[in-house]
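The structures considered in this document are given below.
In what follows, chain A forms one complex with chain B and a second complex with chain C.
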Partner chain A sequence: MTLDVVFLFLQQGVASGLVIGSVYALLALAIVVIFKTSDVPNFSQGEMVMAAGYIALYLLVFRSMPLWIVMPATILAAYAGAALFRRLVLNQVARANGSPVNLVIATLGLSYVLRGFVRQTGFGDTPRSFPPVVEPQSIMIGQAAVTTLDLVILATAVVVMAAFFWMFKYTKIGRAMRAVGMNPKAAQLVGVDLTRIHMIVWGLSGGISAIAALLISPKVLMTADMGSIVTLGFAAAIVGGFTSLPGAVVGGFLIGIIENLVGLFISSRAIVLAPFVAIMLVLVIRPQGLFGGRVEIKKV
Partner chain B sequence: MKDRITCVWLGAALLAAGLIHSAGAAAQEPGLTEKTIKIGVFSPLSGANMAYGFDVINAAKMYYSKVNKEGGVHGRQIELVIEDDRCNANDLVSAVKKLVEQEQVFMLNGGSCSAAAVAAKDYVVRSKVPWVMLNASADGALYPPTDYIFGAFSITQYAVGGSVVDFGQQHLKAKKIGYINHDDAYGAWNLEAAQVTAKEVDVQLAVESINPNITDVTAPLVKLRAANPDMIAITTYAKPAALIIKKAHELGITKPIVLTVTGTANMSQLVENVGNKDALKNFYVQDVLADAPGGPKIKWVYDMYKEYYPDLDAKPDHPQAYMPYGIAPAMSVVKALQDAGPNPTREKVAENLRNQKFDSGVMAGPIEFGQNDRAAQESTIYLKFDGTQQTLIPGSFQSRWKYKG
Partner chain C sequence: MAEHLLEVVDLTVKFGGLTAVNKFNIAVKRGTIHALIGPNGAGKSTTFNCISRFYQPTTGRVLLDGVDVTRMPASAMAGLGVARTFQNLELFGELTVFENVMIGAHVHAGRSWVEVLSARPPGVVEHVEHLLERTSLTAYRNTVARNLDFGHQKLLELARALAIRPRLLLLDEPAAGLRNREIAALDALLTDLCRREGITILLVEHVMQLVMAISDRVTVLNFGTKISEGTPDDVRNDPSVIEAYLGQEMAHA
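Right, the complex of A and B next:
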């Protein structure tokens, strides 16, 4: 491999990694925000992405609605669906038996329901393309080739993440979410409505999933199994530190770049393995993740 | 006079014994009655890969219907029991077990997905049920040969990989071929034949093996672009193939792209998924039919489909590209049953299949098995495809790979 090729691969790997990594970062953010406030890993996150993608596809392609209606309608639908699931299902499960394991199983149940539903509609019977928000024209950044769509994906993801962090840090709702994450009982004692906050957290997670779906769907073909992409969101969350929102974002970008560099410098076969190797390395070297803070020992 | 009476009694006794023996044979063979013969059919009828089998089964069904209308096989009507294998190994093995054990079929005619079909090999061989595959290549179930499994009516992966290299070298004058395959057994089979053929025709291969579920194909294509091949051969399923063609266009790769028959299940969906007809300016597809789809040699198959499935035919995505592939396996089953005579047994049918040779008139080459060969069809044709029109490329292109036992 000549030095020119090495530089070309480096540039392309980082550029493509940042683009796909921004979507992983969004997914990781959606996973971590739920985990931070309820200690429940949401195993239906991928299917929430998939279902949102199919809602958008249905409205855009089969109902011929304009994009400016489809996008907010999809985000709203995902927000409402996720918030309602928290309110109607998880609250009941939590009330019936306080074990978090039951909540995790309920999220797994939702994933099967969503996948089964999309299969039943027949839309998932063939890999489908989602029309891109902008026509993908090739652009060279140095020697790396990206498309206008890639730039839109990266910019949108960064704006969404920035808006989320602003909301989380500076608004009343955001402060309430943080309080619930730190100590739900204390938050409740000072007047935070736990049910409402949990619904908002799930709704926001659903909304972010919908944005990720709108961004990623034009790049990957849609099938009922496309939710498996969330594995990379989990990888990003673990690498970043499962309780750290900035860690989730950094983890997303890292996983995207690592995937591409491994594919370019080692082997295309190793692309799918790279995130899991990264997880193992992080767990061995720094089990709390890159931004996870100190390991806490809980008294049981 | 006494001798004559004895002879008559003896004759009658022999005839009765014969009849009892025949009835016994029919009774002993599962799925066989005096008037019917039960065949288990399976393929993906739902899920993301239904295009690999849905219309293939429909083609087989219409052929069996035609045979039934013409009187059946030795007076027996063919009865089909159909299962959905969802193109997945677990579902396929369950379907096969259900057909053999619960439905008690006489023989099997199914399978459109190679990796899934291979999973049923051991069970079928143990059960000694003749299995004629539909359009799965399933090389792993065909080599080394067994007494009961017959397949590759469309083509083997060994033929796919070798043939595309031969086409690149002969028609496109390629000296270096960028070769993208799956990183599983399916991909390994076609790559093995591609390497054998490349060595023989003096072509260099730049290989990128990818996971069939890959979502970002930037890395393998940037590497191929850096390798500067004269053409790119794609031997993946349709989903990664669409991503690769799209990305190649985005990266400004203008070299010819050849998509093997593994990824051509739904051409209109492929065009839609690629999303830009400019990406198909220098694009070829491999096929295994005797003519271009809808061409004069195989028009009767499309006419028959229209007659049997007028509602489906009116839909834009039907008949699906692989539809005609269902005819030759059904022909093979019917021929093996006919050759087995009025009292068929599974063993007789399997023996007939092992020696079967006929021209289906539908596939590019003859259907031919041998004592050491369980792959029915090994010929290919190539078509230039611009997103709308398919133009037949004259010439014959062959894999150089041979099973050496």
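Right, the complex of A and C next:
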């Protein structure tokens, strides 16, 4: 391999990695924001992405609605669905038996329900593809070939992440979320309504999942099992420390870039392994993740 | 305005087969310091958790200024002017001293967009600085809460509770783990809060030195039932109280 080729591959790998990585970063953000505020890893995150994708597909293809209605409608539906699940199901589970394990099992239950529902409708029987938001045209950045669709994906993801970080840092609701993440008891003490905050957190997580679905669907074949893409979101979250929102974003981009570099330099068959090798390396060298802060020592 | 700021009526709390609190009544007069004492496991903290709405009582009612709050969520109590501290501290460990108190003050910062965006509403910062000064925390303003020693963490929890601008302050063992000098300072601060600012205080405490010095009224709880109530002197000389604390033989000795 000549030096020219190495440079070419590097540029291409980073460019493609940033694009797909931005979607992983969104997924990781959706996972981490729920975990941070309720200690529950949401195992239905992938199915939330999948369900949102099918809602959009249904409205767009089977109801022939215009895209400018379909996108907000999908995001709103995902927001409402996720918030309602938190309020109607998880709150009840938490009240009956507050142990986090039960909540995790409930999210697993939701993932089966959503997958079963999509199979039931029959839309998931044949892999479908989703019409892209913009007609992909090839563009060269340096020596890397990307498409206009890629640029739209990256730009949208970055804007969504920026808006989310602004909300989390500067608005009253964002501050309330951080307070709940640090100490739910103390948060209630100063007047934060836990039920409301949990609903909003789940709603936001659902909304972000829907945006990720809209961005990724034109690039992948849609099936009822497409939720497995969220495994990479989990990988990104773990690399970032699982409780750090900036960590989730950096983790997302890292996983995306690693995947692409491995695909170019080693073999396209090694791509599926790359994220897991990355997780293992991070867990061995820095168990708390890249942004996980110091290791907490618990008094027993 | 009801004469009693806080009334607890026939409060019963059962955890499975265990009756932690049994038909307990207490009425706290406006503008007084009222102490709730009793041996370990008497049900003091359970009563506290019912008043601040972290526990749901099995039966009974909690009235705040004559209004039934028994069904209210815990998060609503701050808005109603009820603040509390915890025996085992519940601080925002990663935030600074200043930020911890600011969060408490936010309850009164309103919800308008302007205030949400400006994030540090005018007037609030001054109030927070004032509270830090009163609790002798000004020097630790920018220290991260988890790095404070225990005594200062307790003061910080008190400062955060005061930032809510409470009518009723519930203190769960404020003197536990403090040194003698710190207890004297706490004594002066609590008396001042009550006498000068009219904040009604209900405290659970084991440090009798503090209880007897500052309380207007003392209620004694044992095995979930009220066994005595009155002025500090009344309670100190009540044989049933001595028996509860020291055992039967000592009481008759």
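Throughout what follows, the second predicted complex is superposed on the first by the 298 of 300 C-alpha atoms of A that agree within 3 Å, B and C clash if a C-alpha of one lies under 4 Å from a C-alpha of the other, contacts with A are read in each partner's own complex, and residues count from 1 in each chain.
Following the convention adopted for this analysis, contacts are C-beta pairs under 8 Å (C-beta built on N, C-alpha and C of every residue); 3 or more make two chains touch, one makes a residue touch a chain.
The model shown is predicted, which means the values in this text are computed figures rather than measured ones.
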Practice task
Quick one: classify A:L103 as touching chain B (first), chain C (second), both or neither.
Solution key: neither
Exercise for the section: Could you tell me if A:V272 is touching chain B, chain C, both of them or neither one (first, second, both, neither)? Expected result: first
Problem - Partner chain(s) touched by A:M182 [first = chain B, second = chain C, both, neither] - result: second
Problem - Which of chain B and chain C A:I258 touches, first, second, both or neither - result: neither
Exercise for the section: In the overlay, answer first, second, both or neither for which of chain B and chain C A:Y170 touches. Expected result: second
Handout entry: Partner chain in contact with A:V5 - chain B first, chain C second, else both or neither
Key = first
Exercise for the section: Please indicate which partner A:D193 is in contact with in the superposed arrangement: first for chain B, second for chain C, both, or neither. Expected result: second
Exercise for the section: Please identify the positions on chain A that touch both chain B and chain C, taking each partner from its own complex. Expected result: none
Exercise for the section: Show which residues of chain C lie in contact with chain A when the two form their complex. Expected result: 52, 54, 73-79, 83-84, 86, 90-95, 103-104, 106-107, 109, 111, 115-117, 119, 160-161, 163-164
Practice task
Spell out the part of chain A that touches chain B in their complex, as residue ranges.
Solution key: 5, 8-9, 12-13, 16, 20, 119, 124-129, 131-132, 136, 138, 145, 147, 216, 219-221, 223-225, 228-229, 259-260, 262-264, 267-269, 271-272
Exercise for the section: Over in the complex, which chain A residues touch chain C? Could you list them? Expected result: 170-172, 175, 179, 182-183, 185-195
Handout entry: Footprint of chain A on chain B - complex, ascending
Key = 46-48, 50-51, 183, 208-211, 213-216, 218-220, 222-223, 226, 238-239, 242-243, 250-252, 266, 269, 272-275
